[in-house]
Amino acid sequence: MSNFNRRKFLITTGAIALTSTLSFELAHAAGKKLIVGFLYVGPRDDFGYNQAHAHAASIIKKMPGIKMFDEEKVPETVAVQKSMEAMIRQDGASLIFPTSFGYFSPHVIKVAKKYPKVRFAHCGGLWTKGKHPMNVGSFFGYIEECQYLNGVVAGYMSKSKKLGFVAAKAIPQVLLNINAFTLGAQSVDPSITTRLIFTGDWSMPVKEAEAANSLIDQGVDVLTCHVDGPKVVVETAEKRGVMTCGYHVSQAKLAPKGYLTGAEWNWVTPYTTIVKAAQEGKPMINFLRGGLKDGFVKMSPYGASVSANAKAKADEIKNKMLAGKYPIFKGPLKDNKGKVIIPAGVIQEQTDIKLESMNYLVAGVMGQV
Amino acid sequence: MLNEVVPSAFDFGSLALALFAGAIRIGTPFLFVSLGECLTEKAGRVNLGLEGILVCGAMTGYAVSLQTGSPWIGVLGAGISGLVLGAFHGLVCSLRGVNDIAFGIALMVFGTGLAFYLGTPYIQPQAPTLPAFALGDWSTNSQLRNALEINVLFLVGVVLAGLLHWGMASTRWGLVLRLVGDHAETARALGYRLIPVRVTATAAGGFLAAVGGAYLSLYYPGSWNEGLSSGQGLMAVALVIFARWRPWRCLFAALLFGAAGALGPALQSLGITSGYYLFNAAPYVLTLVIMVITCRPDRTISGAPGELSLTR
Amino acid sequence: MRIFLLRLTAKMLPALPTLCAIAGALLMFVVFLALQGKPALEACQLIYVGAFGSGFAWENTLQRAAPLMLTALCVAIPARTGLIIIGGEGAVALGGLACAVIPMMLPAAFPATPALLLMATAALVAGGAWIALAGWLRQYRGVNETISSLLLAYIALALFNHMVEGPLRHPESLNKPSTPPLPEEYLIGSLPGLDVHWGLFWGVLACIAMYVLVRHGVFGFSMSVVGGNVRAARLVGLPVNRIVLMACLLGGGAAGLAGMMEVAAIHGSANSALLAGYGYSGILVAFAARHNPLAIIACALVIGGIESSGSLLQRRLDLPGATTLVLQGLLFINLLAWESLTGWLGVWRLRLLETTRNPNRAVHA
């Protein structure tokens, strides 16, 4: 059976426009399950980025009509190209989820051109019409909405009015989170500042612990982070009696005292949408984004120490976001060098693609990029 | 607004304190692993596999601590895993024609692979971690209080450095060890068997390196994951050269290295966030510069064991 | 006939340690998996299937082996002169960076062939100079080259990251900080009829060239003399320092070229994905090959094969990603440990040859 299917895949190399319907027919004509492959860049249980994906993938695995394969610790080299090809050729996968940002260009693009019948749903990439193949799609979540809410809660809870952010690299996605977190806190008290440390890579436990300690030494009393696995930052903060906001997945059980809330991915939503489209033979969804109201991201439940007015305010803003009526980046907005980024009266909607190329830190963040 | 954000005067006191705290926090695993390497090299062997042993020790320590509920049993378990791997290195390198540096690299891959393979179920859970002495409770400054929170293993390491220093200089076994490492022929002529001495030294070195690993997983940063080691085991070889094969100097080398490692994050917390890759490379530049200054081309470094392949 | 057999045995004897090592490594691996109740034999079968079991598997293996051949030369060539260099990763990084910088300095529409030549030269020089620096520090400052090359590698990686994410960063590289993309026509394509890029060709060619140089050239012989006994080399008037530096340049150049191939054939720009540990894997390949450039080709294929099979092991048997690392570790431990047989074998071999030459004389006469 699988041989038949695989041969079919190799033989039918028709027009790109027909891709999706053909693979649908194939899959159903043979009464086959949809074979889905997931690739993660790190270990599946890192309490962070990869775990968020692996967890959602395990839910997809249980869906009817699905056969799922996954592979962890796939580096962003030729290895990922070969692993994707192996999933297609050895397992007959017709839908691939390469979940690390670095996979997109050139690796996913290259393999997608070679296998026009297979769908590639990449996490985080910026798919552009005319530039990238039609059997590729990119999905991502507006996690900065949750980071903003993290900031609101942190703003209420902080006594020192100094927040800390441990970040891996100065890339737009990270800057977006740093800025949203800071703006959220400043919506509570405009005098709040955020101190920032870059560790240089996605998983550097000793550097992360040292960064957390250095920030706490500077009087920071609420910490959050954007690294692959927030476990070390959250645990270090808890040991020193400092509050934290989580990231990627809930770290609540790591810090029963200091965990306030957290920005979590809910990858099941985009995964399901893309898988359903493939099952039903609808065209590949090339560009998929969503925030709180679409269920792509969610907040951790509030920790026990969060005050009632913090909860009330955060919930109020969250409800506005759920109604799609709370843009985070709006004028007047200055960066931390004093330059006007968004003039007064201008609103940058959440869906504005320009946000995905952010290259500044808002006023109130200490540091340079 | 802008003026509130940028501190008017650079806070040198805070930086100094951060470097002091970092010296101890980051330096402790370097202390253990460099003492282990020092012991190994004194017997005339180099063990680059200490990197693999350290990672394996970190995993074993965490796993045992989780299973037994006692971090100290975890440290012991880590030590035993290191003892076994160290003895393995010692024994295999006693075979004729086996290059100790090459075998060390093989052991590094094997130890790391083993730790990653067996350590998967331990990334998630939280194991009980090692205690620390709060020596700074008298202070109201939270940074000072934290800097003076001295972990027990560091103190053990300091005592051990002193003991090894004394032991190597003034005891019979220390003399035998040095003789074997310095002049194997003489040692053999005096009736000492080289292999048992070297295997014991390498095994003991493995024990120490694994304890260094357990410090990483059980105290700072205090959890097990695959990115835990940043090459501490490899750097130990450099630190030992730098310390001129004196255990007491290993302590200072480790502290210096720890402080250099804390420089990047400390500067950033004070607002200097650009060029962080370069600041983070400070420990390596520092080591290289010191080696260039202190080495001489026309003679081997003073204190180097004569039988060491590394310095010939 | 007997003499022929004896001669054959004498010829084959040097391969015995390698065969024992492979058998030993597989046995230990099987035991390791069996102890945990994993399907050990099936795993071995899948390793074969994933590494060499099909045309696709071969392409996969060859592709992964290509950079390892070049990075192994970075260890093997200096090793001929007695230096143990473990910092090839730094040369890979700088070679890749140099290759990515050249197109930024060329005028638009500069023809591809000279551009590629320039890129390759830059990569060779950057990688070679970095390793030669370790050699220089050893010859002129007395700094141990193993340590200095490691430190230099860490420093090179920091420089690489700083440049790629700072001054050389392309503004459109957004969430994957990279240098500006190489123009389409400067990219290195696949070998004809194979889904393997030209890096394989250059890797194999470099290994063969180095083999010829090492085994048949005067320079290769001088390297062996320096590696064998520095004092003797000085006594016969060999320019020891220059020979050591040259060996480091060649080795580092090879690693730099590996970096260039990765950039120009795979990534299309220099970014941190280049730092995938090829330099470190090269150390193992070189030692396993006993620093013989031809054997490097075979050893690189074995490592490439093991890495190719990791994907299948994960998907079919649910084994952790680190399984291939364990197997590699076991393989190298065995290769090095069985090396000690070589000494014994030398004695046997001499006796066998003695017998063939003079069958009537007693062996121990």
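All chains are identified by letter, namely A, B and C, in their written order; residue positions are counted from 1 within each chain.
Assume a contact is a pair of C-beta atoms (placed from the backbone, for glycine too) under 8 Å apart; a residue touches a chain by one contact, two chains touch by 3 or more.
Since the structure is predicted, the reported quantities are computational estimates derived from the model, not experimental observations.
Novice: Drawing the touching chains as a network, do you get a line, a ring, a star, a complete graph or other?
Specialist: Complete.
Novice: Which chain has its C-alpha centroid farthest away from the centroid of chain B?
Specialist: A
Novice: Quick one: report the Å distance separating chain A from chain B, using the average Cα coordinate of each chain.
Specialist: Distance between chain centres: 36 Å.
Novice: Just curious, how far off is chain C from chain B if you go by their C-alpha centres, in Å?
Specialist: Whole-Å distance between the two chain centres: 29.
Novice: Enumerate the residues of chain B that touch no fewer than two other chains.
Specialist: Counting only residues that touch two or more other chains, chain B contributes 120, 274, 277, 280.
Novice: Going by the touch rule set out above, which residues of chain A reach two or more other chains?
Specialist: 43, 200
Novice: What parts of chain C, by residue number, touch at least two of the other chains?
Specialist: 161, 165, 320-322
Novice: Under the touch definition given earlier, write down the residues of chain C that touch chain A in their complex.
Specialist: Contact set of chain C toward chain A: 50, 56, 60, 63-64, 161, 165, 171-172, 174-177, 262, 266-268, 271-274, 276, 307-308, 311-312, 314-315, 320-322.
Novice: What does chain C use to touch chain B in their complex?
Specialist: Touch residues, chain C against chain B: 84, 86, 137, 139-144, 146-148, 150-152, 154-155, 157-159, 161-162, 165-166, 283-284, 287, 320-330, 332-333, 335-337, 339-340, 342-343.
Novice: Considering only the defined contacts, which chain B positions touch chain A in the complex?
Specialist: So the residues of chain B in touch with chain A come to 1-2, 4-6, 14, 17-18, 21-22, 25-26, 120, 123-124, 126, 142-143, 146, 216, 220-223, 225-228, 230, 261-262, 264-266, 268-274, 276-277, 280.
Novice: Contact residues on chain A for chain B in the complex?
Specialist: Result: residues 42-43, 45-47, 191, 193, 195-200, 203-211, 213-219, 229, 231-232, 235-236, 239-240, 254, 336-338, 363-369 of chain A touch chain B.
Novice: In the complex formed with chain C, which residues of chain A make contact?
Specialist: Touch residues, chain A against chain C: 43, 69-79, 82-83, 85-87, 89-91, 101-102, 104-106, 124, 126, 169-173, 200-201, 356-357, 359.
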